[in-house]
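Here subunit A shows up in two complexes: once beside subunit B, once beside subunit C.
Let's look at the complex of A and B:
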């Protein structure tokens, strides 16, 4: 009797195991990139999905639809798709500038709830329309359906772009002491170019900084190992003859919050270990120790640029560097309101130390 | 009246280490951070520590109490001994209701997670049928099988899920821990109150105490187990504090599962699905031990064999899952379990201990007078 009963149970388990819906890859539409635009009082959603051809070749394809509300976009895309749409493999969400200016709170909250998308999802802002940009990448790339996500990843890992992804975006968005930022793209002819960092205040796009400034953001945000920065070190007239290219090997910022009379002062100490690979030939003069001089100039210029950047943030009343969060960590009973009332007039003083580790294999 | 159990049914004292830990850690581990950080922010880890220390005291108290029970029996025989057949029986039925509530809550809250994360279209009954059939299978094997299940329910998740936590350090914001002690004692105590529920589960000891070989010697293992539980909760809350900020965590239902979204390995992109799947091994002992305790209370109380009562109890649980599927229902059940569990362990057991202690004292002095 026992044997038969257990067999019946086993059979039941197998039957129940079949209840879950399996989804073969060629029978679903895997969205990899999604674009949101706002144009003529309509929201426009663009989905990029790969079609699997024979072998490893995949071709990016696009679906576009418009709707008066944001939430309605994916269902409306479904109405144009023969296969069910899956968003589990989403790698990039691109917002058109107009859309971002109207605020991306709705999408942000929806993403915070969505368990299907991963935390490594990238978000970004396109200067014109997101649709146009996705269109270009779909056309110009042959088989790489993840052109833009790879572009972001590459620039975060080896160049000037500070690290961003869905987790970090939500972290900065919800944090009372910081504002989020995202990579910023522009259309340049038939190509897409990373142009810097788009800045947000409470989920609304308010401006952007270029890639040079995003290097400063990157080293001010925390320990980093990458990025390049061109600096002017002399007055030798000829174009390019007075610049050095600094490559960051390892940089670490330290913040100090103190009171100076009736004002608060924020000291920012940045220590950069750098290599200088490209520098003008006059620096090579044997015997003369020009590099100590150049180092001082570099430090001075970096400090000035940082001051300018902080001023820009203060003017815009945004805090992408998370200064509020830092001050919270060193203040008991930190009060958000009063801190940000004081923020635009905050005295922020950068102090930069550059250590030139090496200058390549030649002298 | 009461015969001690045959030695072949008993388990080694050190296995208490696995049973206590397996019953303490459950679905709560996936989402305990939220209410805690709402109350105490970055000081939530203190609440975890304080609640854990309180648990140590209660474990000690439970062993003291059980030492009074006649011929190494469980709490049901203790009730009978001190309160008589009827009133003692009523108290034991209260205990039965609590175990039933606990089993039901565990079942429901895990099914909810599976439905939200993995199979949104599946009905609750399909999962609960599978789980309850497995529960029946394990319990009909006897308490030694239940203990074995607890062993694997501790070892496997500890070896697989726990190391994944380290991936979150990539996003660590250590300044989130500062300033230390920025919350008032009342806020922290409120968080301790929330946290205490997460340590519950060890009270099943009241039922399986007679199954321990040389039971009093197992106390050190119960304490060691609680130390491991405190350590795990502490690690998870500290990682959550440096990974999330207070406002962000308010938007996340299961912060631990969202943490598991971070590891990225080439052959599998979304680790949280692996975590949820392995988590069956964490949740299942919770359910099995609670249902076993129910059947045990029934047996001790009404002398009904477990083989007969078990199918009825399991059927009741199954029918229950058909009726409560909404999130608000599940939350209400969690509230009830939490409240009644805290009452049982924080109020009833100490009072019972005091009562038993006084009765014994009076008896002794009377005997001495005679």
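Let's look at the complex of A and C:
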């Protein structure tokens, strides 16, 4: 009896083993980047896959196909590939601007349900065509197939780009009180340049802000420890002479929702610990406590810029900062419809405190 | 079943008479029978030439019998002790007992005037053909004593008594083996070891019915609670310090004549990963190296299965920077990852097996030839990937960190089911295999005590000497899972006192 049971188990194991779909790593075509474009009523799909030559040296290669529907693109790409295409190692999906304007829900919906794709996947928008951009990176980089994903990562970790990935995109997309945003790329000569943040309303591209404003977005979204911002502190005409380069060391926003008479007011308190990285030489004049002056000017200018940014969002009727979510968290019976009806006229008041922590050696 | 009855022990009462016994023994050419007359006494001396020490026989027995017997005609077999200066002299009328003794190297003396009776004088040459000493080469430790047990049980018991200087150290002797009549000794410390443990061990050993006990390992297997498990249920050691430590903790040791290993029971799974060196080093280092050893075991079991699972099923999991090296090194390999792994694993097992069977000097060369030449050639020929070669070699290396050879063999073995599971089911297969292994380990018992204790059943207090080796100020209490009779090894309060100032 015992023997029979063991044999049955073993047989079951062997038979079930046959059900698993094995994909040995050298027998699949791993695609690492994908581009989607819309041009002349046709969808164009571009896949970047690495080929490995001489050990760690990799060379990015491209596969392109066009189709009248989006879902048909990957099967059509397969028709051009010797090995089955697997999307499990995808690191970046780039959307052409035209494609993004028509809405990227078709892709993100399918990604949301795809268990092979990690939520660390980056999404991005290209100003012109995604294919062209991927083409440039494939040509300019020698061994790095992940040029764009690394670029995004680097900018998120040490520069002005707020954190984005598939997970955060989907979170903001499905959340009733916020709208998603993605990094925005442009082609500059023979190079690809990160230009700022592309803004979405219901999965459709509606506009973008530049890298300077994306710093404001970054510090307004939550506690951060990086990013740089250039500020005008004087009125000396010569270019560059009156600007201060501020490096964020630590910044934290606090939102307050209150009622002022019959209106609602949103106070945004931002506390920045900053280091002044570069400043004009006239600030160094001895005796004068000029940095207190600079600090005041910085605070004023930051507040102004933030007000402008919020106005821009309100005009576009988008909420990438997730103000709706914040208000929902502090109000009973929050109603999406009525909140966003009032949203364009909402009184948002930024209050910035800048603490200059240090200014380098030799102060 | 009739043919099996041949092997069964027949306990019929001995009907043998003395002349019949001598007749039976005379068939062998090394049986010597000397008869001579001293004074008015006619006496015969019987012994096995191959077993007795000729020096003892001549100087202590024959010499005294010849010289003193004539001067003292009153000496009977019973008071032979008066003239023969040997401490162990017995008088017996039982032919079967005499047979057994004479086969153990006793000299039989009988007087014509006392028929049916014989004196048995011990003249066995116990060390002839045996090693005098043993450097603990199989359980080597850099610091600490290097004297190990030898094949002679008398020496082993002596070594033990030298370190445990208390009358509570009890040896209980037994005879096992219908042909070999091997002396087996159970050692324990009375008042520490649980009587239940001692009783179980004694019962199990007494119940053994076997012909020749070559080694303690045979006893180990026969008395094991579960004979189907690949894991050793009793610790076997050639180190004195380990045996002493076990006795002091309330375990029981079994010695067997002809075996340089003591088996210690009840043992837990974690006993097999402690090295005496842990106790010689400061506790921080000792604990660290012990943790490294546990990591080594896990790595050794899981490394190649994980390689298979990831490369066959879960390419999504590979970090982007590793993707290039892995795919590149796999690109020329014609086999699926399973065959690749099995090929290399079996190569390593072959090397290890061949190395163990060859003389030491040849084995060293073989290791180099096998490791470097075959490995490199395999990769160059495109039969295996470079990364796998590293993984398999590291896994093999990690399995050597286990201090007890028996356990490292089990770990060697347990890898292969894991590899099959990983090949069939990928990551979930490995998870199943790990669950299966844990269930199996959780069900094992050693002498009726749980094998995975203090992990399962959980005994948090006893974790002091499992994953980490706590400082001596904290290990005064004996592990409670062996149910020792006394709780403390030494005074815990005294051990905790700080003596920074000399008074």
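Some points to look at:
Here is the rule we use: the second predicted complex is superposed on the first by the 340 of 363 C-alpha atoms of A that agree within 3 Å, B and C clash if a C-alpha of one lies under 4 Å from a C-alpha of the other, contacts with A are read in each partner's own complex, and residues count from 1 in each chain.
FYI, a contact is a pair of C-beta atoms (placed from the backbone, for glycine too) under 8 Å apart; a residue touches a chain by one contact, two chains touch by 3 or more.
Please read all numbers here as calculations on a predicted model, not as lab measurements.
In the superposition on chain A, contact is made by A:331 with subunit B only, not with subunit C.
Once the two complexes are overlaid on the shared chain, A:52 sits against subunit C while remaining clear of subunit B. When the shared chain is aligned, no partner comes close enough to touch A:5: not subunit B, not subunit C. When the two structures are aligned on the shared chain, A:259 is found in touch with neither subunit B nor subunit C. When the shared chain is aligned, subunit B comes close enough to touch A:168, but subunit C does not.
In the superposed pair of complexes, A:30 makes contact with subunit C only, with no contact to subunit B.
In the superposition on chain A, contact is made by A:120 with subunit B only, not with subunit C.
Applying the stated contact rule after C-alpha superposition, one finds that A:112 touches subunit B and leaves subunit C untouched.
By the touch criterion defined above, A:88 lies against subunit B and subunit C together after alignment on the C-alpha atoms of chain A. Comparing the two complexes, residues 13, 16, 20-21, 88, 118 of subunit A contact subunit B in one case and subunit C in the other. For subunit C in complex with subunit A, the touching residues are 310-313, 315-316, 318, 320, 323-328, 330-331, 333, 336-337, 423-426.
On subunit B, the positions that touch subunit A within their shared complex are 116-119, 121-122, 126, 129-130, 133, 137, 171, 173, 175-176, 178-179, 182, 244-245, 247-248, 250-252, 258, 261-262, 264, 269-270, 272. By the touch rule above, subunit A contacts subunit B in their complex via residues 9, 12-13, 16, 19-21, 88, 109, 112-113, 115, 118-120, 167-168, 170-171, 173-176, 325-326, 329-333.
Touching subunit C in their complex are the following residues of subunit A: 13-14, 16-17, 20-26, 28, 30, 32, 50, 52-58, 86, 88-89, 91, 116-118, 146.
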